[in-house]
């Protein structure tokens, strides 16, 4: 597996598909750019999902999150985009993403989006 | 966009209207005046909403909150007023405002108001 | 308004009676006497209510709580008494009082009482 | 009332039996012995109940908890035993006991038992 | 009882099978190996169960957890494996395992699995 | 010993006068009155001292602190007064009092006074 | 005493000038304007001083801090200015001001200035 | 080694006597009796020492602390006693004991004693 | 002033050069690249300095920190580099930088460097 | 560089040897065996040092700490051993190691050792 930023999310087979269980991933190192000003934004992402046939491979998730580093994205947009990409990759039974963005203009923004098939 | 206090709340189109998701905004820098004594009051505002067609633009929210700085308002009144103004501006599917006012007379007051269409 | 302890709870009209919203009041300075030993007891009171036509005026609430300073009351009794007095004064749609008393005999007591009309 | 350990739990009449309200008692000073090794165990007890006709008297509860000091008891057993004794004494509308035992063998045990008539 | 790592989970009879109550076990000292790289992984395990006829004996649980020290296991797999083994041993009315693994590649993983008969 | 408020501080002989050691006392239940308005003030007192020949008896300290309940005192004055009284009673090798008063007018006041013979 | 913002700091005689002791004042409600942009800034002020002949009167300190509400000040400047004014008013034996300003541009600024005669 | 309470403190040779280094021991499970009332007292002990030729063996320390369980001791006395016993057993280059006793009569007592040869 | 990353640190005259006082700046949004692997690293920077004739302008500091976003730097090197650049720009009487880097390989690194002229 | 446990500590040249600065390393994943019972022990290590000509390479430190996983060591011994090895490898101007071991027999042990050339 490469160590370059990549939009490819790799998966591995869920070792226990006969049970509904939850996987929680906390990634405090997300950064992208503000599409208006070009200045960097920072967020902590929390992903929680119930796997069906596939689980997301951790290193590919790291490289995937890294791939946003030089792109401009609005908070609301990028959170839903990541949810869509993860849903497309692992087809979970349930998935929630919570993105806590760092304070801008004295206001802290958190976006919470959920996918239920 | 100006940098003066303003009652105009600007919006932008919800990038994912086909999904119910939540936007949380924490604004710890709210101040207005006590309508009885004229002395300043301080609060932290927490706004949580599910957008429908529109999202509130963050900088205009900052200028909107600033616009209360020199006005007299009771705690209960100003919290419901802000909820009404935000609902009028973004027509959300759901919105809650929690305003935590700083201690007065040894008692801390928090007002929680919710709009459900 | 006087600045003497008083059992009179003053109210003002709810500025938004058409909406169910919640008012939370935290008062960490409550003290009364133990009816058995005469020794002082201390508590933090948390009041949460949904106003109907009236809201409790904050300064009168402070003077009301002060009025228990020299009286003997059991924990269970005084908490229910304060709930009854507040309900009588503001006729809320819902009200909960939580009284956290300071440790006695190595045991900490908290009383939680709710009024639903 | 004596100041010796005692299995007698005293009660007093519930001052507000017409209302369902909750009494929470936190007792961080519970100790008994391990029935296998004879070594002391320690726990913090949390009792939460809705009184019916009777409330437990606080000092007698202290003496009751003290009475386990020199006795051997398994965690699961003593927690259910205390719940049974308190239920027998006050006949509550609802009661929960949570016993947090101190770490043994690198593992911390908490027992939570509930009585519903 | 030996003090060597062992897959044998010992049990003792539930002292109060006529009541549904919960036993919570927190074990912060779990370690196994990454099956890909052979490097050690670390986790804190939280087990919560409602016993039926049997309770898990604490020392045997410690030796059981120790038995994974030199084995390679994926996070998702080992959590479900421990749940399966505990369910087989104590046949609980309900059991949940939460395994908080230490950060790898900037991402913290927690697995939560539940057994309901 | 009585259970009434009292200015009499009782002492007992220091069991280890040949060693300089420190005794720390934390009393979160102090209250007196504001000498201007008559309204109650609240404070947590922290006493730290190195005993010489005498130690302060704990129950008499409780009754001593209780004795201020109905008296008017300025923050700065009462803290130095308590220090003077304790110094007079136990003649310590070193003593510090820190009095944290509850917020008034949006400002929290703490007074720290030290006696060194 | 008025209840309008005022630059007049009132004092009262130190009740214990023969002892060096410390007075700590925490004021979380300070606000002024940014002299460049006119936008509001917020800070929590911590004042610590050893009084000589005079102590600062608390209500006048509140009105003094209020007087900066509509004025433009740089962080470094206003902190030193408040220290100078307080030193001029109470002529302390020692005084430190710590001003924690709220985050701007992702950076939090705190200014700590000390006066030693 | 037995598993009965014992006043015998065992030691082992300091593995690095040529270096001054510190050993910190935190024991939250200390209990003894109040010599006046016979009621149990509880404390957390913190021992910090620089070993010379000997270190205290941990299991014997546990049994030593257990040996106070049924004895009456004043706070000040028992803390100095434990320091004396530990000093006699290990002859350290420096030792401090901090005993935090649980709240009695609304006041929390901590005793800090140091041995320097 | 531009809003592009820039190595130019702007300054403004110290408003109170006759007093030694401290300016503390906390910047939790620093990121650069690992010079070995090219993967992003993250840190929180804490700058503390006593200004002489000049203070660092906050917005230029933000743009300066941004300028490291696409560069490879070792932890020890970049921390000393930032200290050197800030010292060159503001010639402080004293300056300390503390850089807390996010965990890598299970180990968290913090670098603390101080300049004293 | 290998990914096997190894006693070889690699170093790299200090990029700023002309300045005394501090490097802090926090490693929460240390485990070794009890030399008496063979059971695993766990610790968090904190290393703080002022480099002279060399800095310790982070990955080799990780492999070095891993190398203790299957060895028996007393707390006091292994902490001094790690300090000795690190001092031998990087010859620092100053180094302190603090090892916080997990609770055993109800007692938590922390060892703090310092090297000053």
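Should a chain be cited, it is by its letter among A, B, C, D, E, F, G, H, I and J, assigned in written order, with residues numbered from 1 in that chain.
Assume a residue touches a chain if its C-beta (ideal position, glycine included) is under 8 Å from a C-beta of that chain, and two chains touch if they have at least 3 such contacts.
Just so it is clear, the structure is predicted and the values come from calculations on it, not from any experiment.
Undergrad: Out of curiosity, which chains are bumping into both chain D and chain H?
TA: Touches both chain D and chain H: C, J.
Undergrad: Have a look at E-I versus D-E and report the one with more C-beta pairs in contact.
TA: Output for the comparison: D-E.
Undergrad: State, to the nearest whole Å, the distance from the C-alpha centre of chain F to the C-alpha centre of chain I.
TA: 46
Undergrad: Which integer distance in Å separates the CA centroid of chain E from that of chain J?
TA: Once rounded, the distance between the two centres reads 30 Å.
Undergrad: Please work out the Cα centroid separation of chain C and chain G, and write it as a whole number of Å.
TA: Computed value for the inter-centroid distance: 35 Å.
Undergrad: At which residue positions does chain G touch at least two other chains?
TA: In chain G, 28-29, 102, 106 touch at least two other chains.
Undergrad: According to the definition already given, which pairs of chains are in contact?
TA: All chain pairs meeting the touch criterion are A-B, A-E, A-G, A-I, B-C, B-F, B-G, C-D, C-F, C-H, D-E, D-H, D-J, E-I, E-J, F-G, F-H, G-I, H-J, I-J.
Undergrad: Okay, in this complex, where on chain J does chain H touch?
TA: Checking each residue of chain J against chain H gives 74, 76-77, 79-80, 104-115.
Undergrad: State the interface residues of chain F toward chain B in the complex, per the touch definition above.
TA: Going by the criterion above, the answer is residues 102-103, 106.
Undergrad: Which residues of chain D touch chain C once you look at their complex with the stated criterion?
TA: Residues 12, 14-16, 19-29, 51, 55, 58-59, 61-62.
Undergrad: Would you mind writing out the residues of chain D in touch with chain H in their complex?
TA: 3-4, 28-29, 31, 37-40, 42, 66, 69, 102
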